[in-house]
Amino acid sequence: MVNDKIDIRNLNVWFRDNHVLKDVSFKIRENAVTAIMGPSGCGKTTLIRAINRMNDLIYGCRTSGDVYIDGHNIYDGNINVYELRRKVGMVFQKPNPFPKSIYENVAFGPRIHKVASGRELDEIVERSLREAALWDEVKDRLHDNAFNLSGGQQQRLCIARALAVKPEIILMDEPCSALDPAATAKIEALIRRLSKKYTVIVVTHNLQQAARISDFTAFLYMGKLIEYGDTKSVFENPHSELTEKYITGKFG
Amino acid sequence: MHRSIPTLRAILAMSLLFIVGVASGYYVNPLLSPPTVVWEEDSAWRTDGISISGSTTVLPIANACAIAFMNKYTGTSITISGGGSGRGYSEVIDGVVDIGMASRPPKQEEIDDAREKGAALWLYPIALDGVCVVVHPSVNETLRLTLQEVAKIFAGIYTRWSEVKPGLPDEPIYVVVREPGSGTRGTFEEFVMKPYGYSVTDAAHVQPSNPAIRTMIETTPYSIGYIGFGFITPNMVVVALAEEEGKPYIYPTTENIASFKYPISRYLYLVTSTRPESGSLTDRFIDFVLSPEGQEIVEEQGFLKLPKYPSGY
Amino acid sequence: MSGQTGERVIFAILGVPMLICMLIFSWILSLLLTGIGSVRWELLTVSALQGGMFEMIVGTIYLLLGATAIAGPVGILAAIYLVEYAPSRGLTRIIDQAINNLAGVPSIVIGLFGYTFFCRHLRLGVSLTAGWLTLALMMLPIIIRGSEEALRMVPASFKEAALALGATRWKAISSTTLPAAAPGVVTSVILGIARVAGETAAILFTSCVLITRGLPRSPLEPVMALSYNLFVKIVALGTPAQKVFGVALVLFMIVTSLSLSAILLRIHYRKGQPWLMIR
Amino acid sequence: MNLESFLKSLHKLFMRLKSQPVEFILFFCASFSIVILLLMFLFVVKEGSLAFVRLGVQLIFGQRWETNSDLYGGFPLVYGSLMVVSGALVISVPLGICTSIFIAEVLPFQLRDPVKSIIELLASIPSVIYGFIGATFLAPLIASIFELHSGATALTASLILAIMVLPTIVGVSGETISAVPRDYKEAALALGASKWQIIRNVVLPFSKSGMLASVMLGFGRAIGETVAVLMVAGNVAMVPTPPWNYLAPVYPVTAVIAMQMGEAAVGSLEYSALFGLGSILFIITFVVNTIADVIVRRGPVTRGVQL
């Protein structure tokens, strides 16, 4: 059975006088990979940061409209933002592990939420690293500094870190843009695998990548949602002329 | 991007501003002093300038006198800076200033230094500084103490009058002192407390001025304090002091203070390196301080004027 | 929800110190403002011989202008060298260290140095010039630090663009980097002035006198200054506070308006320079 | 760097400077600070040498400072300085660090600049004004609270000093907090960390060395402060009894120099002793500044250091 996990309604975001997202509305399917693509500066990152309210932290940012997750409006006054962010994990463009050991990186989330300690924590770390397909590579050096890992490993570590707090949704902001093709392939495979358990939203400007990994694709242009549908139909049979131009490489 | 170097321009502007500022100073300066009057007997000192530095105790006298002098003789310029007695002597000897201020006679090294550099120190006493120890009449009608006894009282070692001397009332001593920083307190502590290494007890009651001490002593039984000579009234008992056991007990009188028989007394001096030329501004200024008008200012500043104007210097 | 209440408590604990800081500031301000009524403003233009403070105000300005004229160019040029030229990291590091240490030298020690070196060794005596040099030493590190920061904030691409067009190094820097950094440089100079405007310990032995007639006629004469006057009157002469309130207030206003203008200038220009907004 | 290569690089530098007049002028200006610092050390120590030779360690450890009897024992003075400064730091360090955290992490954006500016203004108020305020308002207040005869005590001096070094501490530790990479904060935020958890787990570990440096700098500023301290410390050259009695007057080193420099005849033992104190002060601040510098450099700039 298929469900809608996230329901975005008339979302508008401004940075100071700059209207970045204009009236975006669409629904995101549960346990699937949704790709958001579009040329640089079209508001992709802003859109996913609106889903876990990370935009709140940027000075001069205003938001209107609603985002429902499991039927709860996250822009309601009484929502607990920290609970929300725990439920909606995020992976960033550049791998950003903390300057701590591999173990401590993954344990960071469970620790601050005080959900586990001791053996239990060890288990969570192991489970998360396995899920992120990193366990075999690092199991013997869990207490090494995370910066000793390669870029691709660092990014998978960041994914493991996000998984450790048991999120339901994972937002990925161009997770492969700083990686080489081999590492990219690993991450892409990982994303496919994760979509069985999690709702994954990936921002990308790489068309092939969107086509390869996503079940659904949204196309943003100048802050507006131009097209949204299942990936196959968007790529093979776009409704909008803009989408077609973008896909065929006429601009962007 | 063809804006040429605003930083250099800013530097230029700054220097220009600076030059304008200094130039305007030249312009403003004459405005500050009233137009020059043609004097009947014109002499060089009327447009001359001298500088004075030294003791901070003498500073208020010199400051007030200089202001009065410059307002009277509008062509003159007297520059005064503080420092201390040591600075006063050394700068007079080195010829950096024309007149030094000192609250003590020169030390041997300073005399040696002066001789070495060919300067003869001329000391002009301009005021007397004598500090009188006074008690409330309830203590005794006459009281004689050695400096050490006074020191012990002010240090809080004696806490009851009966401990000081047999026959005095068995009552707690009520110590009154001036605020730290006061010249009177400084003199008192230098002559009475420091030689014995004592410091004033925490239990002392601090009063901000001579009149305040006067009122305090007059109204508080069993009190003791110190006060400028000019502030003594019949309602208090002045204590006769001896430098140590066996030496005579001296009352503070004008003569005793002027002759330094009274232990807590000193002159305040103006110092020059040679005998000032008669008719020079240095000479005129010292004359002014010693004149009745100048001595009036000495009293206003809370010091004792000289008993009779010394003429032998 | 209980987590959020706990957080509020912690923030309250963190916030109280900030409120204390604000309170201290408003307390100081209110103390100085309560005395404003008792100050006779006509004294600003009256000579010190008549109890005014005209010469002290002008004297203070003299000291500041001269010190700025010395420390400004030297400081700015030093900053340019450090940012744009300095060849070896080792040398830059040593100069950097020296500047930091110079900034940390207590003003009284600078005053001692000024007295032995400028007044006695260079035979300048207690004079305006000695005061300029001493104050310039105090301003120097502030100006270098501030200008350095301003210069570093200008993207290297500006300069490179000019270099690519065939400009010499100095030409490239002076025509692109410097104009872009100018507001920051000027701010640092003003901050330097503000820092020394109220300085007492450094000019205590080097350039000030309590009273003299009029303004200095040459740079080798001593000068009257607000801070010195306030200090001597309270400490040495024991003048009651009410009588020197005017001096204190004028000094406060001069210094505060200087630093306020520097702060406002900085905020204004940071907003006006788009390349500073990118982090 | 060994001597030979140092000389070689120095030679290279000179060759470069010779060919480029502009660079030569700039280099001259830049090296000015080093020259001044050396001169300063040289002259202050030179003037103090007589005291160092004649008094030796007595200048630091001697118990009595009595100009009248030519006794120059700096211990009560150094003790007074340290007492006043530690009192000031005990007050201002927690205040300053909490304030800087609060401004950088909690305060709404619009308020940050105004609040920072106000604290910066506190830094620029001349010390003679602080002294004036301390002597006319704070000292009487202290006197009446603790029922003392005079409010000129170590406590008063500590309070005034605390206010004076507060901006330094807030400023420098604020700078290091704003240097915490946004990456780390966002990563923690995305994991659902609350603001306090970010402060504790990301900001504090990252900026603790900078905060330590700010404390060192505050110490350096406080121990060198002269005029304000002189006006409120009471100036009695004795170690208070008991030694931790903050309600007793003290006579910090800087105050002694400022008060007695004028008194001292040039070339006398007193004059030299004052310069001796000055060079001790110079060395203390030099060491403290250098340590602070090292801490700052070692601090948050390097990525990948175990926190």
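To keep things simple, chains are lettered A, B, C and D as they appear, and every chain counts its residues starting from 1.
One rule holds for everything that comes next: contacts are C-beta pairs under 8 Å (C-beta built on N, C-alpha and C of every residue); 3 or more make two chains touch, one makes a residue touch a chain.
From a predicted model like this one, the values you see are computed outputs, not experimental measurements.
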Legend entry - Length of the shortest touching-chain route, chain B through to chain D: 1
Legend entry - Two chains joined by the most C-beta pairs in contact, as defined above: C-D
Inset, instruction - Could you please state the distance in Å, as a whole number, between where the Cα atoms of chain B are centred and where those of chain C are centred? - result: 36
Legend entry - Chain centre separation in whole Å, for chain D relative to chain C (CA means): 17
Inset, instruction - Take the average of all CA coordinates in chain A, do the same for chain D, and state the distance between these two points in whole angstrom. - result: 48
Inset, instruction - Would you please write down the residue numbers of chain D that are in contact with two or more other chains? - result: 194, 261-262, 266
Inset, instruction - Any chance you could list the residues of chain B touching two or more other chains? - result: 56, 82, 181
Legend entry - Multi-chain contact sites of chain A, meaning residues that touch two or more partners: 82
Inset, instruction - Using the touch rule from the top, collect the residues of chain C that touch chain D in their complex. - result: 3-4, 6-7, 10-11, 13-18, 20-22, 24-25, 28, 31-32, 73-75, 77-78, 80-82, 85-88, 90-91, 94-95, 97-113, 115-117, 120-121, 137, 140-141, 144, 170, 191, 194-195, 197-201, 204-205, 227, 230-231, 234-235, 241, 244, 248, 251-252, 255-256, 258-260, 263, 267, 279
Legend entry - Residue ranges of chain B in contact with chain D within the complex: 56, 82-87, 89-90, 94, 109-110, 113, 179-181, 190, 194, 197, 199, 202, 204-206
Legend entry - Of all residues in chain D, those that touch chain A in their complex: 109, 181, 183-184, 186-194, 197, 201-202, 303-307
Inset, instruction - Please give the residue numbers of chain A that touch chain D in the complex, ascending. - result: 52, 54, 57, 59-60, 82-87, 89-90, 92, 94, 96-101, 108-109, 112-113, 145, 147, 158, 161-162, 165, 171
Legend entry - Residue ranges of chain C in contact with chain B within the complex: 47, 49-50, 54-55, 58, 61-62, 65-66, 68-69, 72-73, 76, 125-126, 158, 162, 174-176, 178-179, 181-182, 185-186, 189, 208-217, 221-222, 232, 235-238
